[in-house]
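Down below is the structure, laid out as structure tokens.
Naming follows writing order (A, B and C), and every chain is counted from residue 1.
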Amino acid sequence: MSLSIYYFLSITAVNILMTWAIYLPYRVAHLHFITIANMAISGYLAGYLVMTLKFPFFWALLIGFAVGGLIGYLVSLFIGDAPTFAVVIVGFTFIYITRTVIENIPAIGGTMGMFGLPNIAKTPAGHRNLIIVILYGLVLLVGFLIYRFDNSRLGKAASAIFVDKDLATSLGVDIKKLGQLLQVFSCIVAGGTGVLYGFIYRSFHPDFFTFHLVGIYMTTMFVGGYSTLWGSLLMAPILYGLPLLFPKEIQSWRMVIYGVILILVLVLKPEGFITRRLVYNIGIRLSHKREKI
Amino acid sequence: MQNEKTATTAPEGALLKVENLSVSYGHINALKSVSIEVFLGEIVVLIGANGAGKTTLLSSILGITPSQSGTISFDGQRIDKEPVDKIVRKGVCLVPEGRGVFASMTVMDNLLLGAHHNLKNKDKYLKRVFEWFPILEQRKNQVAKTLSGGERQMLAIGRALMSEPKLILVDEPSLGLAPIVVNEIFTILQMLNKEGYTILLSEQNTFKALKVAHRGYVLETGKVTLSGTAQQLLNDPGVKAAYLGA
Amino acid sequence: MQVFIAQIINGLSLGSIYVLLATGFNLLLLVALIIHFSYPVVVVFSMYIVWVVLNATGNNLLLGILAGVLSSIILNVVSAPIFQKVMKKRGEVDINSTMVVSMGMGFIITDILSHSFNHGFPIAFPENLTGSEPLFRIGLISVQVGQVWSLAIGAIAVSAFFVLLYKTRAGRAFRAIAEDPAGARLVGIPIVKTGIQSYALSGVMGGMSAILIAMLLHSASPGLGDMLAHKVLAVSIVAGLGNLVGGLVVGLALGVIEALIQGYAAGSWSNAIAFVVMLVVILWKPKGLFGIKV
């Protein structure tokens, strides 16, 4: 596997997972950017555990998941049913605070970053293969869970909350419990993904976790379509991969391109490219075919 | 009788003419091919139960609720595609159900909002409104939410008068008011009518409304099922049974 | 004690900028019915325009200030149709989608600033705008002429805004829409036109803020917009979204708290402390200290 394909595959998987981490709470209209702070916190923690305290990688990864979930849970106690803008600002505040804290702790590299994480397999090639396997295993697992969720009673309750909070309450949906559940799950995913994100490059740097991630994940979700999990899955490789085919000068304008695409899609196709109706129609067509066979 | 009289003074036809108006919210047809006419100088009342389409009809005349088909003309001009503020400028105004005044603003602010598009004449109209409703002058610097229900209704009517209207749409003025206040409001509407204002009223208090009105329309589930002079409707056995409780 | 007084002055001048920005932000929220998250990013863009014009005209202050205010008005008004379009598509006021569109605008502006101006390095404003001599100085802490000016202008601008809001026809229409958009439409207030006026007015306030920030900070960088956007939204949420008086109180308070922390705590941690304070308040009261008015 060449290095550029490795980076493409692994970053695409990270983008899919992180977009899903944004997608899940957005089912109840929460834009939960605390996930990006979670990536940094769990990632740095795991890096420190492995580098300095010589933890095995898989233990560090598990701790990364757990710490993400724990932070998500604690925060969700307060904002499980908060209005969207409050959730957004809590996320941004966490990103800023996390960054300041990381930059001020010399033990994890401060503003210099943390370099030279060990390979998690015997050879660099083995390391890369294992990272890819773990990442896509995680994509399959998380995708399956989200699929089950979307088609469950809870998924329908989430859709009801998205459309009308008051109506959903009157139908007996516990807004706070559901909001908490989605926030915690997305924070767990983000924590683990953050650990893997660093191990892709075998380093961490404060600049990994800034606002450009907000832009990438949000654009991926809204362009792909925020009402199904398939939009993020399809759009993550396209939005990450397409700019790579262009010359370097154009690539450096990535955020301008994302911003323009995001606004255009919201104006012209407010539900994104993959809508629930589209998925439903494809589903019907597929089941027809199956019957014919 | 009123009908014939206005017909001779205004040969062009009705001040307000709604023809075959249909309005739907999603799959629900709120109005099905409704036609009504209001002539200059009349009080016309819309009678019907909750959900019969009275409020929808008034709000589509003002341009708030878009219509699927049919036409609305005012003063001989089509207004059904005009934006609300243009229609208000032309001389239609609505006194909304529930006395929709701006609760956190002062009485004076509320009145001036009514005159938003003709502020240069505001002193003339303020004087007239304060003549009609002296209580509003006393309370002009109070915040509207401190007013009683009846006073708020007066404020809503006063605000409508500030916009120099030819036609006043009044939606359920008696809703939630004490009977004595209701009588007062209806007396005011009648006096306004004598001053030359044309009034289209929607009302569930059928008896009182027909007492002050010249003509009326009965709306049932989005359709006009009956129309006639107020006296005819008061004597109609169907109206008696359904709306007058007799 | 002198440090304390100096930092109070610094904090109030910083706070008056937060107040101006939060007021413009709230105006857009109340009257245009959008969450213009990146409104402060647009303001920073105007700072760059001021810088370019000052450089091109040999530091002509009048032209620089004019360019700052005009560019801010134009950028605000030009973005109005995009927001209108997005809101119409969803059928009703949709705070989420306008916020996302605004964030998209922020990505674009920030990226343009970091590519096309001064090679992405921070820009510095000339002394004839910022003032060269500190008014007085105690150790590392000083009060600059620019700070006093920005405090004075900020106070005047905010007062003028409130006079406009409570004494004029447009202000009355603004308040009517803020209280009840449907009711305002019903009495014949042109919603779209009045909305555009609010874009223009918040543009004026943004332009003035751009000048004041330049006077106060003496410099700007591409990341400043995101930082300010975050603080302004935080101020508005802590105060209660759409609560103008609350924004006034919280904006000044944040400025003073930041200045005091800078005066007494280690530099690199000062931002984090202010953020933690905001975070605690938001977690404790997600609907704000003074209540939401939307």
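One rule holds in what follows: a residue touches a chain if its C-beta (ideal position, glycine included) is under 8 Å from a C-beta of that chain, and two chains touch if they have at least 3 such contacts.
Keep in mind the model is a prediction, meaning the values are calculated, not measured.
Student: If I average the Cα coordinates per chain and compare with the overall Cα mean, which chain comes out closest?
Tutor: Of the chains present, the most centrally placed is C.
Student: Looking at contacts between chains, which pair has the highest count of C-beta pairs?
Tutor: A-C
Student: Centroid from C-alpha atoms only, then distance chain B to chain C, rounded to Å. What do you get?
Tutor: The mean C-alpha positions of chain B and chain C differ by 44 Å.
Student: List the centre-to-centre spacing of chain A and chain B in whole Å, with centres computed as mean CA coordinates.
Tutor: 55
Student: So, what's the distance in Å between the C-alpha centres of chain C and chain A?
Tutor: 31
Student: If you look only at chain B, which of its residues touch chain C in the complex?
Tutor: Within the complex, chain B contacts chain C at residues 62, 64, 83-85, 87-89, 93-94, 96, 100, 102-105, 109, 112-114, 116-117, 119, 159, 163.
Student: Sort out for me which residues of chain C touch chain A in the complex.
Tutor: Interface residues on chain C, with respect to chain A: 35, 37, 82, 85-86, 89-90, 95-97, 99-101, 103-108, 110-112, 115, 226, 230, 233-234, 237, 241, 268-269, 271-272, 275-276, 278-279, 282-284, 286-287, 292.
Student: Considering only the defined contacts, which chain A positions touch chain C in the complex?
Tutor: Those residues of chain A that touch chain C are 29, 31, 75, 78-79, 82-86, 88-90, 92-94, 96-97, 100-101, 103-104, 211-212, 214-215, 218-219, 222, 252-256, 258-260, 262-263, 266-267, 270.
Student: Could you please specify the touching residues of chain C with respect to chain B in the complex?
Tutor: Chain C reaches chain B through residues 169, 172-173, 175-176, 179-180, 182-191, 193.
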